[in-house]
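Everything on this sheet refers to the single structure shown next.
Chain naming follows the written order as A, B, C and D, and within any one chain the residues start at number 1.
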Amino acid sequence: MNEVELLNWVRGPGLNIAIGIFLLGTIWRLFEIYSLGRKKDLSAPRHTAGASGWNTIARRSLAPPGMLKRSPISYIGGYVFHVGLAIVVFLFAPHIELIENLFGLSWPALPSQVVDLATVVTLAAMVLVLVDRINKPVKRYLSTVEDYFTWAVTFLPVLTGYMAVKHLLLPYTTMLALHILSVEILLVVLPFTKLFHVFTLFMSRWYNGQANAHKGVPV
Amino acid sequence: MSRRPTVAEQLARQGVSRRAFLKFCAAAASLMALPPSMAPAIAEALGKLRRPSVIWLSFQECTGCTESLTRSHTPTVESLIFDMISLDYHHTLQAAAGTAAEQAREDAMKEAGYLVLVDGSIPTRDGGIYSTIAGVTNLQMLKDALANAAAVVSIGTCAAYGGIPKADPNPTGAKSVQALMDEGLVPRKPVINVPGCPPIPTVITGVLAHYLTFGEIPELDSLGRPTMFYGDSIHDRCYRRPFYDQGMFAKTFDDEGARKGWCLFELGCKGPTTHNACATTKWNNGTSFPIESGHGCIGCSEPDFWDAGSFYTALSAPADPLTLATSATVAGAAIGVGMSFVNRAKKGAAKSGHETATLKDLEK
Amino acid sequence: MSGLEGIPIHIQTAPHAGANAQAILAELETALQALLDTGKEHSIDLRSLPLLPGELDYLQHTLGTGEVRVEIDALGKSDVRETAYRGVWWVAHYNTLDEVMAEFIEVSFCPDIVRAQRDDVRESLDALSARLAGNEE
Amino acid sequence: MSASLDKGVAVLKEMIDAPIASYFESCVHCGLCAEACLFYTETGDPKYTPIHKLEPLRRIYEQEYTLLGRLAKLVGLSKPVTDDELEAWKELVYNSCTLCARCSLVCPVGNDIVYMVRKFREGMAVSGHAPDGLIGAVTRTIEIGSPMGVKLPAVQAQMKHVQDETGIEIPMDKEGAEYMVMLSSMEIMNFPEYLGAIAKIMKQAGKTWTLCSTAFEATNAGIQIGVSDLAKVIVNRIVEGAERLKVKTVISPECGHAYTALRWDGANLIGRPYTFKVLHILEVLDEFRSQGLLKTEGFETTRMTFHDPCQLGRRGGVVEQPRNLMNMVTKDFVEMDDPGKYNWCCGGGGGVSANEEAEELRLEVFKIKKRQLENVGAKTMVTACANCRIVLEEGLEHYQMDIPVVGLTELIAEHLAPDK
């Protein structure tokens, strides 16, 4: 298979399959997880301002007091790479073009220099959190093969995308194909790994927030 | 059959001088995309070449390939070579018609070692009845013709890869010559693909000239195309490539960039993924090629080009990635709902089977 | 074809216009050196190069016109012109309809095509001899 | 004796619900929960990372309720949970978790980790992997009526003692009283001042109240060991007592988990809402204060700080009330770092104080409390949980810190303005 066939495959059948598996997996997993249900809380609720599932969804995006100091790399690295990913994925002109192509939605892009910078910073932050995962005893202790694998499948699309845009190492066609391929791998594994937290974290925060809001505690 | 004369003998018989022959060989080398230093080798090869027999079969096609060839601007080198070969059967071009024409085809097939040229794809659905000549299906005709053939040249994207007839939804079950061989529906013979919709006329004749001159299959790429014409991508040889490398793109067909002749990548040019000689050989007597006229390459010499998404969508944008979306969603929901029933049953069973824990249950 | 020429086409050259032409000139330099050193002839097929619009004209203009011009009439016309750089020849082969069918730049003391070919000379000799013999009869 | 792995797994299959599934799916192994857990921060041992304490539960969830997990189990990629494994996890689930829920407060993906530990204990207990100390406590509660083996005569003796001392009659089984006061056996045995304080405060507020002869013990070892069926038996005594005496409000004593058991878990254990209200004594006192029914005089001048019991503050929502009450009677009230819902546990909640195996570790992780105290330089510690109080006293003694620990209710009672 030459690079053109690869590109044609990844942007044709490959993407189709990847999006198909992604949708299939996501819907299946969401049903599987949330159909387990939960019991109604029969105790008398206590109402406190600022305590609700929705509040917790928002509040958990911020570091609780003292935590930033205890684990600065987790927070700063985490923020930078998540925000960076969002910028790179949603504010890079060709990606917006792709989204418009798919769903007809469009919004203004950031200048490519800004996206370039965001990409480099994101890559750096991801390397940092990886180093932290290897260095920090707790993280190393908790880490499984899956943790390193999911790191890699998240890192590669950013890296190959940057290399394609900057014409590094391989010709554009090949890099573009590898970039799309890496995104497809990400899409395929997302519903079946911890990457699924992109969906479940909102419900997790809501459950926690809601259960504690019942007791009048804004968590 | 009587011994066919060699090309050199034939030229000499026509009173053509060695100088003219040398000129002819130089032009032929250029035509075959060989270096000029190959001219003597061509001369030597042609000196030994005997007129081979050729059968041209037109199947499910639009006659564009034949048009391309016959309207070509250089009725000289190619025609000279064609004069040298015996085009025993060409359904569209030959003067003979009906039974006489079919007779000519059958006669030509009596002596093994002829070359078969095919343009058009071959319908296979319902026994191949969607295209017949003189009551014979294309499939049957190809099968017969290939029996004693030395090789086959698939001219045009239809014959090479199925082309537009094979495009979704492919109502006639159209297939390429190579695909039929791979499926064992016709005898396997060496195949040279000369794709394009249509192919560049000089490429058609160049490939034929090469085969006829040297009597062998030229070097082919993974898609069966002669690398001498299809070795480079349009993008690699495009005169607008410097604009691409500098990120200067036309965004619409009438903007500043389009007027200044900037790269058409974002307007859907398939040059980076298309292999053909358009950027060097060009069309209409070397006048220009589509990109030079301000339109992106549509990738017509690549398999399934018709189904590879809009001609006007940039290569970086996907073709049609949501075709599986609905069925995937339904399948996902089916698995999910299935699991939720199974899980609820399991949890329900655990609940109904619950034995109230007592103090005894705390120790083994 | 003449209809096409009626359309005014404004050609915007690419950022590196003339890069191909420059490369060809460099190739010619090397070839001339080789011709002097070893007598090796060289030929460039202009149809096989992805020349930018205008580059052919640029090349022609740069090479200029020399002293020799030979017109050959064999299966159509051939035009052999020495450029201002002696030993560099511009060779165009036309068909019987006067369309260019191949175009080369050759580096040689004299292009092969101009020279009479040995076989032809032999045939000419035979023919001439035969003619003389016939006259004697 | 009939504990078995099968029973444990069966119970866990009942327990696993959508929140637990969602929590496990959300975990990204960031390790931040460890930074919130005193067992990790004070020992530096990564095995005390809260989410790690749930590893067997996670596997059971995956193997029972996810398609891929079931397939993995089928082909042997995912090993079934064994008795040996659960035994190994006993230390993590019981000895090194006080159910303090600080981890649930910091998890960036929002996992309520303690909710899961509580559920996991259900399976651990009936598969025979609960610590002996807790088994003893729950056995005594079920068989005798109290985890410390306190019986009604002991309470009656205590009542008599308080009546003699204060001259206030302690009502028992008085139908139609507004409040039914609960005690913890810790208070009956170690802090008799509590009952006297209640008597004085109720008298001043002019409220009717009563003790209940069939339900005086508020603690619920069933909750701590994690057996809902036993917890239900214990909570039912209180519900029956309160409904028999037709009281409006049941007052949970100064005990964190008793409050959780009575206030939040009870209705869910018996499967119906209560017909009465449940308030913590501090909530009652603060109510009295705001209604002008609680009058105090004089102030403590030593520097005092308040230790929030986890189940009262972070898991109970009673955070403002103790501050209001502290300010009524102290001049130099200082907050430790991370007060209120962020408070660090004393190290003995969730049954840890009843578990001898955990004692050494409990004293080690007390360092966090020691540091907090030293940072604010408090001379007296106030709290509102008899268990916290005992654990704090032991910890302070262990580290040779001469800081008295008092209950907030008693502190208020000491400052009650005399009757006019």
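The rule we apply is simple: a residue touches a chain if its C-beta (ideal position, glycine included) is under 8 Å from a C-beta of that chain, and two chains touch if they have at least 3 such contacts.
Bear in mind the structure is a predicted one, so any value in this text is a computation, not a measurement.
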Original post:
Of the chains shown, whose Cα mean is nearest the mean of all protein Cα atoms?
Top reply: A
Subject >> chain C and chain D: spacing of chain centres that average the CA atoms, whole Å >> reply: 101
Subject >> Gap in Å, rounded to a whole number, between the CA centres of chain B and chain A >> reply: 42
Original post:
Whole-Å distance, chain B centre to chain C centre, using C-alpha means?
Top reply: 34
Subject >> Centre distance in Å when chain B and chain D are each reduced to the mean of their C-alpha atoms >> reply: 78
Original post:
Among the residues of chain D, which are close enough to touch at least two other chains?
Top reply: 16, 65-67
Subject >> Overlap residues in chain A, where contacts from two or more other chains coincide >> reply: 28-29, 32, 35-37
**OP:** Please list, in label order, each pair of chains that touches.
**Re:** A-B, A-D, B-C, B-D
Original post:
Residues of chain B touching chain C in their complex?
Top reply: 16-20, 22-24, 26-27, 29-31, 33, 35-37, 73-77, 80, 237-240, 242-243, 246, 259-261, 279-281, 284-287, 292
Subject >> Residue ranges of chain D in contact with chain B within the complex >> reply: 1-4, 7, 10-11, 13-14, 16, 64-67, 125-126, 128, 130, 135, 138-139, 142-143, 225, 227-230
Subject >> Complex interface listing, chain B residues touching chain D >> reply: 335, 339, 343, 346-347, 350-351, 353-364
Original post:
Which chain A residues qualify as touching chain B in the complex?
Top reply: 1-2, 4-5, 7-8, 11-12, 15-17, 19-32, 35-37, 94, 97-98, 101-102, 167, 172-173, 176, 180
Original post:
Given the complex with chain D, which residues does chain A contribute to the contact?
Top reply: 28-29, 32-39, 41-44, 46, 48, 56-57, 60-61, 64-67, 70-71, 74, 78, 133, 136-144, 147, 192, 194, 196-197, 200-201, 203-209, 211-212, 214-219
